[in-house]
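Two complexes, one shared chain (chain A), two partners (chain B, chain C).
Moving on, here comes the complex of A and B:
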């Protein structure tokens, strides 16, 4: 729309800069992808042979599979709980005006800004006091704390696009508040709820520090990766890294797609006479 | 005496220290088309929202057919509202929108479909029944909003500036349809608007609100011909106002002694000499000439500007005392007048065309 605007610098400068950023961001990941298919024991650029043996090794490794099972259980539970809580918080903020609302909102959005080591230590101290530390449940709880603000932020964005009248109009036509929420608000927020679930799943799947602190012997995939690295350089790392990156990328991509499509349909609606 | 359909008794609404609605008493008869008009922030929408149960009154009563409905939650009231932005449910088709209220009231499917079809037909939108509401024109959306409320067969329909989203042409067409619909159905309409043309052309009675209070309640003719206060006169527009003291002369003439001289009136009403009064004269009753000697009340003025308004022209004049006068002339009369801005002209009118504002006798008329 603003293509006629001239930038302060020529286009090639912007383009080169952008490419540089992408190279720095993605080159290491790309290298992991390349080395994951190399038959060599140590990563070096004169790759002798293509091989999928490291993949086979990962999928035969009981420890890795156990970690994967843990990670998926934790991520799924976190996504469910964090999305539910996040939507509820976003809805409360959207629908009601109450004393201390800004304060509550600030507190609810705070956890991701706390340094992760501080948060992890506090979690560990707390969970060991109540006898929960070292369990999958404790990792889920801790991940819910970190992921909920993301879910809330995503749901708020979507709810803010909805005129307040929709819900009151439903009530005016005889819908109880529960029916209005179910029949009007939820369908409107559905793309955001889906996106929130995907993002919170990804947040939990990638999270390393908290899982390491509070998980004890229960290891998630990132924790396994790090533990493996501490011993030696194992080529299976490239495999796990590549798989983890692919998983996260698809989750974030799907979430983006959901949000984008919902805002598009929203815009179309506004444009129509 | 039949019972009014909808009554407001001493209705008040405050937000903190701000009083949005103050001591409103109003009764609306069954089958009446009532318009509530006023500038923005006058409390008209708040009053409407209290009728629908969207706001709780701070004090006072709302009664529907004699039953107090103050504490009835929104979803149990039968006072559907047509929203300013229509608030049609996106993601739903026209049919789903119209059937929504019937579903909520658990009307069995066959009856629901029959009533929905009947209203879609009646409002001429049957052809769009399965279309998404986002893919409709402004006028079609308006009809869906009406059908969605009317399908519930309410006793009273509340409308909050329903035509404000339409362009001028479409708005006038919908006004005609609304009026016809209301007559045919015999449903009470309570219609909030800031537009005089809508209120005056549609309503049986008009309420003019200002700063949370009712300034005047009457038929459109009443309000147009006999505004009760300066506010109403100014809000209705096209009215020149003169202030002065009521006085009767030795020759038996009665008028108000203003900065622009003695302005005679025909009906002194029962106001007493010596009271401060405002005199209102409608723009279409003022005659403009280039020579003096045409009327009883004649004020020399300067022609300030002309405002073209189709078949008529509004002339803005100013007297030596600084009073603004607006006179409405036919195009052909303006051509005959051939006056230019800055020129001296004379504004005159008959004593019977002057209306005293706030005079006690006028209340009996309303």
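Moving on, here comes the complex of A and C:
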């Protein structure tokens, strides 16, 4: 494409730039992977021997497993609630016209614009006043706020691709609103709902600031990582990191595939007579 | 009949509320609630080490008169702005390559790969950077082997910048690539046909057309870097006492809730003001 178009600089310059940012983005991830298999305590270029002993150490560590259990409980609950809330709000915004609609939309997209330190602080103050701070439940309540905007945006974009007449047509043909939703809207939105669940799960799994402030003694995996950052070199971080990267990257890539597939099939349907 | 239609209307209302209500209710309780409490708390006072509801301006006057607060405020602002501009410059060639030199089908793959790290374990990536840059780390070792000083690269602006880039590059890349991808190709071809040189096309067609997206990239990089405290602490090594560090210290240090609330609100106000000005500038019409 644009082969006739001359660029201000030769192609290799732009491609070098492209390579550079991908090195910056992925080198830290790859280094965690490599060092997680290094037998040395101190990570350096000359790795003496490879071993899986740090993996064994992590899986034998009761505190790490407890943190993992907390993280999974929180991420799963967050994904469930945030996706439900996000889809409901997206559907309401798509289907109905109501007073204050724009304000609701603005409110729904507001949390990501608040600095995470400020949000964490406010959450800690709030939950300690209602006696909930230091519980796994309070982290879930807060993570839902952080994750829902993503779910709502994903679902809303997908609904946008559905002609609004489909649903009204179904209702004119005698379907109740519930039937129209179940038979027309949900099948259409299903890939987005799946993607939203994956992304909100990843967001919660990775969130450290709120979990650190609000969680107290209930630690999640990122909070144990944060505590290690403050201490000395600990090779098990590379193991935890590698596992975390594997988990979140697969979640995000799966979500992207879901969205991409559904957009493509949608386009194909539009084109075919 | 009217009873029936009233019933029907009630059911419709209920159906509507079922979808429209959950998010606003949840956000009112667990988002607006905490944020309003933060505002209220900035006027509370600490009596006998206990936080007491009050209407007092003492936290405001105390915080606003702190010299080190203002210096860390400007430092945060300046450093984040510098990082935002540098990250945007670093990302630009890559975004240009994705927008103009790669086929649209592949572009989505690259964008997906660029965005994915945004959702993955930021803390571990910062830890990796610590290992890369620290004494005896990968980069100092490499520098040493080519005859340069092998000293630790931590506790420097370079380290802080790499931390900021780790956080913000994915967002900047996506915003820039979308902006460049939307530049009108026919306008570019027309300029070329009229004899414009490649550099002129870049300066007079591409950059102005992509300005809103490019500016939003700088803004988002700024917002994220400004609110970030992990890089500043563990890569900048406290050389840079930034506002978020101050905030975590105030809270972890003890009973300074009202003061922490004031600092938070100041941060929010500054971010809001910066966003409004930037967005207004980004979408300003030509010639205004």
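Methods note: the second predicted complex is superposed on the first by the 264 of 273 C-alpha atoms of A that agree within 3 Å, B and C clash if a C-alpha of one lies under 4 Å from a C-alpha of the other, contacts with A are read in each partner's own complex, and residues count from 1 in each chain.
The rule is short, and it goes like this: contacts are C-beta pairs under 8 Å (C-beta built on N, C-alpha and C of every residue); 3 or more make two chains touch, one makes a residue touch a chain.
From a predicted model like this one, the values you see are computed outputs, not experimental measurements.
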>> For the combined arrangement obtained by superposing on chain A, do chain B and chain C clash, or do they fit?
In response: fit
>> Applying the document's definition of touch, where does A:184 land relative to chain B and chain C: first, second, both, or neither?
In response: first
>> Tell me the contact category for A:125 with respect to chain B and chain C: first, second, both or neither.
In response: second
>> So in the superposed three-chain picture, is A:79 touching just chain B, just chain C, both, or none of them (first/second/both/neither)?
In response: neither
>> Taking the superposition on A as described, I'd like to know which of chain B and chain C A:58 touches: first, second, both or neither.
In response: neither
> Is A:95 in contact with chain B, with chain C, with both, or with neither (first, second, both, neither)?
Replying inline: second
>> Quick one: is A:170 in contact with chain B, with chain C, with both, or with neither? Answer first, second, both or neither.
In response: first
> Thinking of the overlay built on chain A, is A:195 touched by chain B (first), by chain C (second), by both, or by neither?
Replying inline: neither
> Given the touch rule stated above, what does A:141 touch, chain B (first), chain C (second), both, or neither?
Replying inline: second
>> Tell me which touches more residues of chain A here: chain C or chain B.
In response: C
>> Quick check for you: in the superposed arrangement, does A:115 touch first (chain B), second (chain C), both or neither?
In response: second
>> Just to confirm the value: shortest Cα separation between chain B and chain C in the superposed three-chain model, in whole Å.
In response: 7
> So which positions on chain A get touched by both chain B and chain C?
Replying inline: 177
> Residues of chain C touching chain A in their complex?
Replying inline: 12, 15-16, 18-20, 22-24, 26-27, 30-35, 37-38, 41, 90-94, 96-98, 100-101, 103-104, 108, 110, 112-117, 119-132, 136-138, 141-142, 162, 165-166, 169-170, 173, 185, 188-189, 192, 197-199, 201-202, 223, 226-227, 229-230, 234, 244, 247-248, 251, 257, 260-261, 264, 267-268, 271, 275
> Which residues, counting only chain B, touch chain A once they are in their complex?
Replying inline: 52, 54, 73-76, 79-81, 83, 85, 87, 89-91, 100-101, 104-105, 134-138, 148-149, 152
>> Residue numbers of chain A touching chain C in their complex, please.
In response: 1-2, 4-8, 11, 13-18, 20-22, 24-29, 31-32, 35, 42-45, 84-86, 88-89, 91-92, 95-96, 98, 104, 107-108, 110-111, 113-119, 121-127, 129, 141-142, 144-145, 148, 152, 177-178, 199, 202-203, 206, 208, 213, 222, 225-226, 228-230, 233, 237-238, 240-241, 244-245, 248-249, 251-253, 256, 260
>> Using the touch definition from the top, list the residues of chain A that touch chain B in their complex.
In response: 163, 165-166, 168-177, 179, 183-184, 187-188, 268-269, 272-273
